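Have a look at the structure below before the remarks.
Chain nomenclature is as follows: A, B, C, D and E, assigned in order of appearance, with residue numbering initiated at 1 for each chain independently.
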Amino acid sequence: MKPSKHNKQARRDNKRKKLGQQPGAVVFTGERKVEEVKIHYLEFNESTFNEQEVDNRSITSFHAPIPEYTQWYDVRGMHDTELIEEFGKVFNIHPLALEDIADTTQRPKLDEYPNGIMISLRALHFDQETRKMSYEQVAIYLGDAFLVSFQESETDLFADIRQRVREEKGRVRKKGADYLAYALMDVVTDRYYLVIDEVEIAIEQIEAAILKDADRELKGQIHDLKQEMLLARRSIAPLREVVGGFDRLSNNMVTDDTLVYLRDLRDHVVQVTDLVETYRDMLNSLHDLYLSELSFRMNNVMQVLTIISTIFIPLGFFTGLYGMNFEYIPELSWPNGYFYLLSIMGVMVLGMLWYFQRKKWF
Amino acid sequence: MKPSKHNKQARRDNKRKKLGQQPGAVVFTGERKVEEVKIHYLEFNESTFNEQEVDNRSITSFHAPIPEYTQWYDVRGMHDTELIEEFGKVFNIHPLALEDIADTTQRPKLDEYPNGIMISLRALHFDQETRKMSYEQVAIYLGDAFLVSFQESETDLFADIRQRVREEKGRVRKKGADYLAYALMDVVTDRYYLVIDEVEIAIEQIEAAILKDADRELKGQIHDLKQEMLLARRSIAPLREVVGGFDRLSNNMVTDDTLVYLRDLRDHVVQVTDLVETYRDMLNSLHDLYLSELSFRMNNVMQVLTIISTIFIPLGFFTGLYGMNFEYIPELSWPNGYFYLLSIMGVMVLGMLWYFQRKKWF
Amino acid sequence: MKPSKHNKQARRDNKRKKLGQQPGAVVFTGERKVEEVKIHYLEFNESTFNEQEVDNRSITSFHAPIPEYTQWYDVRGMHDTELIEEFGKVFNIHPLALEDIADTTQRPKLDEYPNGIMISLRALHFDQETRKMSYEQVAIYLGDAFLVSFQESETDLFADIRQRVREEKGRVRKKGADYLAYALMDVVTDRYYLVIDEVEIAIEQIEAAILKDADRELKGQIHDLKQEMLLARRSIAPLREVVGGFDRLSNNMVTDDTLVYLRDLRDHVVQVTDLVETYRDMLNSLHDLYLSELSFRMNNVMQVLTIISTIFIPLGFFTGLYGMNFEYIPELSWPNGYFYLLSIMGVMVLGMLWYFQRKKWF
Amino acid sequence: MKPSKHNKQARRDNKRKKLGQQPGAVVFTGERKVEEVKIHYLEFNESTFNEQEVDNRSITSFHAPIPEYTQWYDVRGMHDTELIEEFGKVFNIHPLALEDIADTTQRPKLDEYPNGIMISLRALHFDQETRKMSYEQVAIYLGDAFLVSFQESETDLFADIRQRVREEKGRVRKKGADYLAYALMDVVTDRYYLVIDEVEIAIEQIEAAILKDADRELKGQIHDLKQEMLLARRSIAPLREVVGGFDRLSNNMVTDDTLVYLRDLRDHVVQVTDLVETYRDMLNSLHDLYLSELSFRMNNVMQVLTIISTIFIPLGFFTGLYGMNFEYIPELSWPNGYFYLLSIMGVMVLGMLWYFQRKKWF
Amino acid sequence: MKPSKHNKQARRDNKRKKLGQQPGAVVFTGERKVEEVKIHYLEFNESTFNEQEVDNRSITSFHAPIPEYTQWYDVRGMHDTELIEEFGKVFNIHPLALEDIADTTQRPKLDEYPNGIMISLRALHFDQETRKMSYEQVAIYLGDAFLVSFQESETDLFADIRQRVREEKGRVRKKGADYLAYALMDVVTDRYYLVIDEVEIAIEQIEAAILKDADRELKGQIHDLKQEMLLARRSIAPLREVVGGFDRLSNNMVTDDTLVYLRDLRDHVVQVTDLVETYRDMLNSLHDLYLSELSFRMNNVMQVLTIISTIFIPLGFFTGLYGMNFEYIPELSWPNGYFYLLSIMGVMVLGMLWYFQRKKWF
């Protein structure tokens, strides 16, 4: 996953390069995150299984589609646009699909082409330390009995799935490439729950901190988390449409059996989207709480100031009055003048305290 | 029902365990709340009725579906995933349905499978003492002439229904498993009104308290209630879809007669959802009221401070002036200088009081 | 109409009693508002007309449906659930419809049953004195050539309609029970305009009051009106669906001719709903205005305090300086020291006044 | 156009009168704005043209529908409900349509009747001086080859159109009554742009004023403009439906050719609605700006106060200290005590200035 | 691109001129931005290519539609309404389409006419210096094998496309006028990403600035950016409908092949609209942050003031007390009175510091 700041600039720059190009041009818009592109090749059916780490250059030569096998190319690293274009030639992929694979700023979407389905989605990562969210573009091209998946970085999201294929665990070996596509999307979606959990923890921490001490950092933290949730929403919300799109496909690449699983996935996506909205509402409520807390404290501070001022400023007037140097001030020569004044002052103070008490100022 | 804090962490942990698993894996994501799973078994038709407390291990052996009877397994406790898987085998339930039964973080939903309908919903509980909302997952699997219901805890939500079945009260004996499913959902929904009532009472208390004294706890209370309402919304709002989903079923497990009752239930759900939204709006309005109250008080406090300062600070200047030790200050030797000054001060005070009166500062 | 506070508690209590019951149980959830249930019975067609005040107990005996007549039972008072159940038996009304009639907490709705249509709506009342809104449940059951209407209290909403029927004024005599149902709903809807008008007047009063003097009561009043508008919305908004529902009826109880009138009614409902939303927006804007006004005043108050303090505190320092009792303070013995100081102070004051003037503080 | 305040009360009163009446009663709910109702009668086809100012009483006698002519009655003044009822009789207009014509509080709408189309809309006027919006009800009844238009006041909105008919300019002569209806609606819609422009100018003025000096009037102005925009929205937004309604007409009174123009009109309405929403958002943003400005100034004011107080209050303490009359205060008799103290004070002031500088308080 | 302020006024004036006109009148509503209208004429098919800079006056004479060629008139400058009307005559364009071409205040839209499709959209430009957004109207009329594009200013948006046509790069030569229309829209849409990027940079700058120092300019900047985003939304959001409209065309001017590209374009538009909404949310959050920052500082300022006042005002009272000139004040003659008092004062100060420490005021 990538550091948020530097990454943003790289994306902007690459995106700009792309804008001048004609539609269908394959331009990598992300930041190069891996030295060398890695390709895992798996071919399997219910009984057989082969695995290979493929060399970049040798793809075209020997891996044409093989009947009765499901083929899966699991590519990590997207910067090698030539490679992507080669995939395009071998598997006859539409240029717009190739363009979308390389575009890491792509909004999650599902596109149906005459001979395949292009799915792009985003894996999210939340760093509890810095409370920064980052995302990684994942592209899945589902063809007839083959699937090519692209990940932006080396974080091997799909290792578990490969393991299941190897060990013949679960349904993935028995079912075709469409179920595999579902399984990959399921892995990405499951990670959202982790992210959401981290956010929940962060919200709870901030909430506790506000009620303990509304200090300066907190408001920045609330603001930052809000921004991160906007990013999360942009990454997750379009997935509803994506997963829902499988029901509206006009080709029959996806079996009814897999559609049952995809509907379950849609429920998950709806739930996560729901949670994101809920946490955005919570963050707004947190900001309200923060402002209330500040207002409340301000009130308290001002009450202290006012009580002190209201009590002592009038007293100060009296001491000033009898500190004057007029030649004739009769009270000054009264024998008990000083004590009379002290008594009057005492009464004033008590009166004011009673007044503030009644006003519930302390 | 479970304590909110500890429970959250348990859920998170269990959920995480689940995320690594393949789809359809039956993983309990809640917190174990009962020692021993309890199963009530009822079989009945209009004329006959049998009841049994079933032992965990003996299910598979003797309770295969029986024609002309409605069978109801009322399970309390969800942590025994093996039991759930056994149910799955006996009644031929889809693995995704089994997964949803055990997942206590499940959003309320309705899923149709070839031979059954899976309904999951949430029973809410509001503790007026702590003003905390908690929920309990309820799963209902409706098959052909049988129904299995799962509750998370020992709170026996469905005791009333069992009693009605026993005593032949109401329609539940005459009608089939679909009506029973309706009756169970109705019980859960009716409880929402109680929760909403408690919230209404809490809102009224806070409202009264703000107008009496906008103290520190109140803003926390408003914030907490807001959070609880977010939870309530997430639990209740999806029910609209769930109940509406019965109208769109493709199999004919639910009779037209029961659909009339389900439409009535949908009206209830819509009303409760409406109320939740209304109370959220009210809580926002309460927060506005709280802030206004604080602002208003601040204004009052500042006016008192300003009046006192404006009156006494200038007077203090004069007393200071004639308290100076210059060798030659002519006024000091005027015979009535002191009284002249007192008069001038009196006029100043009256002038200021008139000014503040005109500005409506008191 | 009922007093808001006491009434709420009664409703809650009655509602709770109901929740334990099975679906279709007829339980009165309101507060008993009339001593004795009153029933007006009217039977009429274009040429004939009969009217009777019916005794509670004698209904069943003699008023079975009569061909070629429109029958209208106008019932005031809903607490007599036995009576409602008798109506149910005589006219063969579905138990869920009977339950809805007696439930005064019912959300406005339209339900179609095989042999009739159940409409429930709410008559609103706004007390300009206390600015409290209250509502009364109105239930209309429209059967084949008969109509039963229920009002919660003695306020005779439908007196005008009965008068029109008596005097053969308007279309109501010529047309059937469906037009009568429309006429009753029209009466209830027309009253909404009155309520809205009262709210508009209240808003104008508050608006004027804020700009004159933003005192403490106003913020409570804005808050209260907001709450009342939430109630109004909950009562009025569902009516859109209700009236729209007539277009989707599957039986032919409502003629095309009456549908034209019902569409006109829908326009009214849409307009009122619109107005309710508008006034809610206005109340939010009023709250903003109130807060601005408070902020503005606070600014003014603080400016006064700051001006006074900034002018006199430094002056006070100088008077203090020369009020010290050091044995050697050279200035004190200058012949015109006092006047020099006065001049310096004058210059300082003028300088500050010029500074504040430039800052537009007064 | 009418003055907002007085007008509102008149409307309320007239509306109330109407509410007691039966549906279809023709009651004028506005404020009488013209002495005498004026009727322009035009009959024309592509080659011929006749114009007449018709007397109120003589309509019925001679102007029955004439084949091969388009007839247009352009009525200014709506208070003469008898006249409207006469139109109803001559042209066989549905009573609900007549009711809507006379109801000046009518929400813009389109109603289709068996033999005609009733359109009601609102012409807006914005007075830049008082920044008040006012509206005038316009009703158009489009029959088979005839059209009756009603305006509330004497402002002759349709003079341009009559002129075009007279001079055979544009398409209006060649095309039928349906195109004429379009042309009239187009005139009303075009005026919305003028209103929106005026609002835009007002917003720009307020914006500039806030940044120059956030004085008291501004917040009232923002609030007022918001209210006016709510009125504008209520007047304009329903027009979308109205114009869209032409596409869903079941009779064939409107030709496909005119529908092209009506779709263009719909685009205009959508654009204006858009603009109204945009300006409402801008006004909300203006209010935020105003509050920020106030807060910012408050901060500045408080900083000045705090700086002055923090510098001089401690200094004042020292002068007070050495102004005390204790018999033995050693410092007072130090030869350079006074100058030592002055130096210490100077250091304190410099220290504080440095501290405030670092805190960026000035 | 045009300066925002002056431009607005020009638009308003021109728009007003237009409002008096009959529908279909071709009136230029913008501000004249080019001296001389420039027309590039290109005709091409897969093998041939001709280019010409056409003189205004000579269009009609020689460029009638030519079979087997795609014709493209690329017009820069819109003020010459006679020219537009001539295009209308030669290519038989509907008057409403001509009106829309000349109206630079036009909302983006797609209109289908019997023999052509009219598309209007807006090219956005963001000036990072002044942070002002400006837009330029772009109109595209797509006929059968020809296309006319109009740009408001001299900024040659379509130079790249012309270059591609010339050099036979990309698909544009092989495909027809419909693909060309897509390509032009794609160019305009791609520029939105640049604008959005600039806005993102501006937001980041403001965010950093607030956290460093919440000064006066910032709140104006936030407000301005919000306004600009409103403009962006108004320009971009309707494009969804425009691009979506191609799927609903009833004529077959656009091939299925091009529709695939247009769907890709729609995804881009959806993404940009999404981003605009996200940045609006961010700006609202920024405003909240700004207010929090101000509140927070105010709190700090007030705490300083209160601490200073609370410590020194009571001390000042004591110094005043013993500065009085009563003849008999016993403490004054105590030998160590002065030191006793200093000690008491010291204790008071320490007590207060402890109190403030406990309250976390510093």
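Definition applied: contacts are C-beta pairs under 8 Å (C-beta built on N, C-alpha and C of every residue); 3 or more make two chains touch, one makes a residue touch a chain.
Please read all numbers here as calculations on a predicted model, not as lab measurements.
Summary of the copy comparison: rotating chain B onto chain E for the best CA superposition needs 145 degrees, to the nearest 5. One finds 41 Å separating the Cα centroids of chain C and chain E. Centre to centre, using the average C-alpha position, chain D and chain E are separated by 25 Å. The set of chain A residues that touch two or more partner chains comprises 291, 295, 298, 302, 305, 309, 313, 316, 320, 323-325, 329.
With chains as nodes and touching pairs as edges, the resulting graph is a single ring in which every chain has exactly two contacts. Think of the chains as beads on a loop: from chain B toward chain C, the beads read B, C, D, E, A.
In the complex of the two chains, the chain B residues touching chain A come out as 8, 12, 15-16, 19-20, 22-24, 94, 96, 100, 106-107, 109, 111, 113, 213-214, 216, 219-220, 223, 226-227, 230, 233-234, 238, 287, 290-291, 294-295, 297-298, 301-302, 304-305, 308-309, 312-313, 315-316, 319-320, 322-325, 329, 331-338, 341. Residue ranges on chain A touching chain B, taken from their complex, read 160, 164, 169-172, 182-183, 186, 190-191, 193-194, 197, 200, 207, 211, 260-261, 263-264, 267, 270-271, 274-275, 278, 281-282, 285-286, 288-289, 291-293, 295-296, 298-299, 302-303, 305-306, 309-310, 313-314, 316-317, 320-321, 323-330, 360-361.
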